[in-house]
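Both complexes shown next keep chain A, but they swap its partner, so chain B is in the first and chain C is in the second.
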Partner chain A sequence: MTLLTVENLQTHLHLQRGILRAVDGVSLHVDGGETLGLVGESGSGKTMTGLSLLRLLPEGSGRIAGGSIRLDGTELTELSETTLARDIRGSRIAMIMQDPMTSLNPVFSIGDQVGSPLRNHGIARGARLRSAVIDVLQRVRIPSPDQRLGDYPHQFSGGQRQRVVAAMAIGCTPRLLIADEPTTALDVTIQVQIIALLRRIQGETGAGIILITHDLGVAASLCHRIAVMYAGQIVETAPVRRLYRAPAHPYTRALLAAIPRLGDKRARLAAIPGQPPSLIDPPIGCRFAPRCAERMDKCAQAPPLTDLGDGHTASCWKLGTA
Partner chain B sequence: MLQLDAITKHYPTRQGLVRAVEAVSLTVAPRSTLALVGESGCGKTTIAKMILRLETPTAGRILFEGQDIAAMDRIAVHRYRRAVMAVFQDPYASLNPRMRVGAIIAEPILAHENPGRAAVTRRIEEVLDIVGLPAGAARLYPHEFSGGQRQRIAIARALALQPRLMVLDEPVSALDVSIRAQVLNLLQDIQDEFGLTYLVIAHDLALVEHFSSDVAVIYLGRVAETGPTAEVFAQPRHPYTRALLAAVPQPDPDHILSEAAAAGEIASALNPPPGCRFHPRCPRAMDLCRTTVPVPSAPPHITACHAPHEGAPT
Partner chain C sequence: MPRFLLHRLLHGALSILGASIIIFVISRLSGDPILLLLPNDAPASVIAAMRADLGLDRPLWTQYLIFLQHALTGDFGRSYRWQMPALKLILDRLPATIELASCGLLFSVAIALPIGVLSAVHRGGWIDRIGRLFAMLGQAMPAFWVGLLLILVFAIKLDWLPAFGQGGPSHVILPAIALGWYPVAAQTRVIRSAMLDVLDSDHIRLARALGTPERQIVWKYALRNAAIPLLTMLGVYFAGMLGGSFVVETIFAWPGVGRTVVEAVFSRDFPVVQAGVLFTAILFVASNLLVDLSYGLVDPRIRDAR
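Here is the complex of A and B:
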């Protein structure tokens, strides 16, 4: 069942230098119990897409300029800020941020911070709040949570802090979890524990997850489908096996060739020349064309989205429209 | 080229002694690349700092081309600082934003010699060319460059005095995937062309396998396993090495990650576990591991483990 549908989302950042089109026509959907990976490099618009869903854009400069975001049939772009804060943000859509050092407040105890969304959204109050917080901390596998409610973030290790951040997000049983680089700040042996935790949370709650990551390894281990972003746009979407076995867009193929992998005997990595374009004044036509090894004259015009069947779509002239 | 002989670094703190590095012995051959890998807090950066003479070992010796770097006189230290250069992780923090690129690259040259303005300018242009930047870059400021280009500038600065050893601390981890390969390939080309020796600190094991000739796996300040990279990765003997390799996410949806190989988290260097420091997380731990520090096996593939694995991982 489709949980979230985003159509032609446009998010603009109004900067002194001009309008930065951070998200430029993104369409995607997520089902309940499904994990969609939003993969791309810094500045590709993946985090801005996630923040747009929660309307947490930079104050003053950020604005959703167009498009539609529907969660369980409710059009979020038409809701008032008050309604969104009361009914959606933190309760039906919650976010796990990258850096647990900055997403936890150092001067409040863990019990306060995990309890606050439960209190604000009326899930538990008073005496029941304490047991509800203990219950959530247990679900993210914090050992002896009843003894740790009064502890502060600095008294937890990096991996435990990320578990606490996850606890804050899942307390209200959100329908959609947005996880923005949830393992990037962690060591590999801890990373694998957090990946397992996210998978378990999804199994227990049936939530849809949008995983925002630059790491094609993490995406492969957690996602059912993957959308690859480049310069504010999704260039390819495919079921996970399809994307890694038969990538269609030259950018996806170049990314997969650029990363070293264990057991790989290549003497040299296939580097992608150049760098991503500015989104204040993006190139006309295909935005990857200036770096693309397969570029043709036609690429000066924007390529149409081609349906390759079985949920696999990509925007590239090479794929033709026949 | 470089030899670490049982180096130890303890930091006294109010809470007690932090045993950051404990009796680490390693050798780096000329023109080779030794990678130090391990989790945050394992002491790999402290080791690099001691090699750069930014920290003094509590015990043990560091020999560079046979000479003890702690026993050097002023002239020898000066020569050592020319021969050993560093490139750091974050090119946004390691370049002075108020200096033009030309001045940034000239700084180490002028600290060691004064060859005259024309010679300095020529050298700036040479190293910019080596790292693939136009000569005009010298007149610009760091903020006018992208992350990948800034890391090229940091590499150019390190090359300015024709060093023999470069310490690379996470040289590409702040860069985007599509840019990483460019910088890694550049570093390999420079090494081949100028016969450099690299000591690289990295947490990305796939990158280490690709980039290094030798590897040392560090756990809580001790060497768990070291040897030629190809051999260590193909037939890892230490359970910690196996755990690290099993936890690396692969760009392959059918690859299964193993969570079981290293339970829990790294202990504190303030109060390291007795015996083998990995034993609280080790699935193979026996009584002996809890009491006795394992003795390293014979080179070239050295393992410090009472119950090492044999053969390739299944």
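Here is the complex of A and C:
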């Protein structure tokens, strides 16, 4: 059952240098219980896509310029700011951010911060709040949570803090969880724990997850499907195995080739030559063309989205001609 | 915590000792008090006798040690002019000074806090612009000028409030505004920039992402973070108001320590000057210590670091 449908999303940042098209025509969908990975380089628009879903764009400059975001049939782009805060953010869509060291308020206790969404969304109040908070902390495996309610963020390790952030996010049993690089700031062993935690939360609540990451390894271990973003657009979407075995877009292939492997005898890491284009004045046609090894004359025009079957789609002229 | 407290107390004691040396030396640079106490035609023998009587004929460092020894037992000598213990003279005036400084501080925070917070929330909006105007006015108008204006408008023209002296609660309003006027500007700017910093932080972004109402974000989650730099500043200003309110006290004939010390300086009444300044120094140190301790109340990280 489709939980979230995003169609032709356009997010603009109005900067002094001009309008930056951070998200330019993104379409995706997420089912309940499904994890969609959003992968790409820094600046490809992954985070902006995630923030657009909650309409948490940079104040003053960020604006959703077009497209539609439907969650369980509700059109989010038409909701008022107040309705969004009251009925959507934290209660139906929640977010886990990148850096657990800065995601928690340093001068409020864990109990207060985990309890805040529960209180604000009317899940638990007064005397029942304490036990509800303990319950959520237990679900994210914070040891002896009843003794830690009064503790402050600095008294927790990085991995534990990310668990606390996860507890804040899942307290109201959201339908959709947006996890923006949830493991990037953590040690490898802790990363594994957080991935396991997200998977378990999904198993318990049946929530859909959008995992934003630049780490293809993390994406492979957690996602059912992966959407690859480049320069504000999705260039390829595929079920996870299929993407890794048979990538269709040259950019996806280049990304996969750039993953260093243990025992690899090559002296240099594979890299994609060149830089991503400016999103203030993006090139007409395929945005990857200037860096693409398989570039053709046709690439000066925007390539159509080709359906390769079994939920695999990609935008590249080679697919149409092959 | 005890180690931290001990450390701060030692620091404070050293500061007060330093202040005592400075004030002792400087007050004696202002001239000979005997010449003011005795008539111009007093014979040399009388002058010498009086000088010996007051202990002013001994070497300066002996005088200081005697002063220090007495001071430690709470004896600051007798006022040359009023013929009563200098400490009592100061202590009698102290409540008035503390009252004025507290009200002045309260006034400045009551104005600066909402303007600073709202300026940050609506950056570039009309509140921000009014805040900037306030800040400019605050910096541009010295306390004596504000004091005179307040008397002219509210006491003389409108006749709403008393112009001078101490009495009921209405007496403290004008001097408190005059005293608190200047710090408003700096406090507004500190609160505004601290709030801007906090509002741009990850934890506030997360709070928003989880649907925390904006009012709660601003007045609860952001404000407590912004209170840390404000607290530092309040300590400094409160101390400054305790010690530096002599201009306002003089204009409004407020019977506080500042005015008493200024009068004592003019009459070279050394014991009173010494007792007054030293007491102000002690209050200064105490208010800074209080601020240091209160950090722990606001910021749990500091509490644990001790």
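Keep in mind that, in the parts below, the second predicted complex is superposed on the first by the 314 of 322 C-alpha atoms of A that agree within 3 Å, B and C clash if a C-alpha of one lies under 4 Å from a C-alpha of the other, contacts with A are read in each partner's own complex, and residues count from 1 in each chain.
One rule holds in what follows: contacts are C-beta pairs under 8 Å (C-beta built on N, C-alpha and C of every residue); 3 or more make two chains touch, one makes a residue touch a chain.
All of these numbers come straight from a predicted model, not from anything done at the bench.
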Clash or fit (per the criteria above) of chain B with chain C on chain A: fit
A:Leu15 touches, of chain B and chain C: first, second, both or neither? neither
Touching partner for A:Val188 - first (chain B), second (chain C), both, neither: first
Touched partner set for A:Ala293, first chain B, second chain C, both or neither: neither
Partner chain(s) touched by A:Ile280 [first = chain B, second = chain C, both, neither]: neither
Touching partner for A:Asp215 - first (chain B), second (chain C), both, neither: first
Chain touching more of chain A, residue-wise (chain B, chain C): B
Chain B versus chain C as contact partner of A:Tyr244, first or second or both or neither: first
Chain B versus chain C as contact partner of A:Leu256, first or second or both or neither: first
Gap in Å between nearest CA atoms once chain C and chain B share a frame through chain A: 9
Touch list for chain B against partner chain A, complex: 39-40, 146, 148, 176-182, 184-185, 188, 203-207, 209-211, 233, 243-245, 247-255, 257-259, 261-262, 265-266
Touching residues (chain side chain A, partner chain C) in the complex: 54, 56, 85-86, 88-91, 94-95, 97, 99, 102-109, 116-117, 120-121, 152, 154-155, 165, 168-169
Residue ranges of chain C touching chain A (in the complex, touch as defined): 201-214, 216, 221, 224-225, 228, 298-301, 304
Complex contact set, residues of chain A against chain B: 41-42, 157-160, 187-193, 195-196, 214-221, 240-241, 244, 254-256, 258-264, 266, 268-273, 275-276, 291
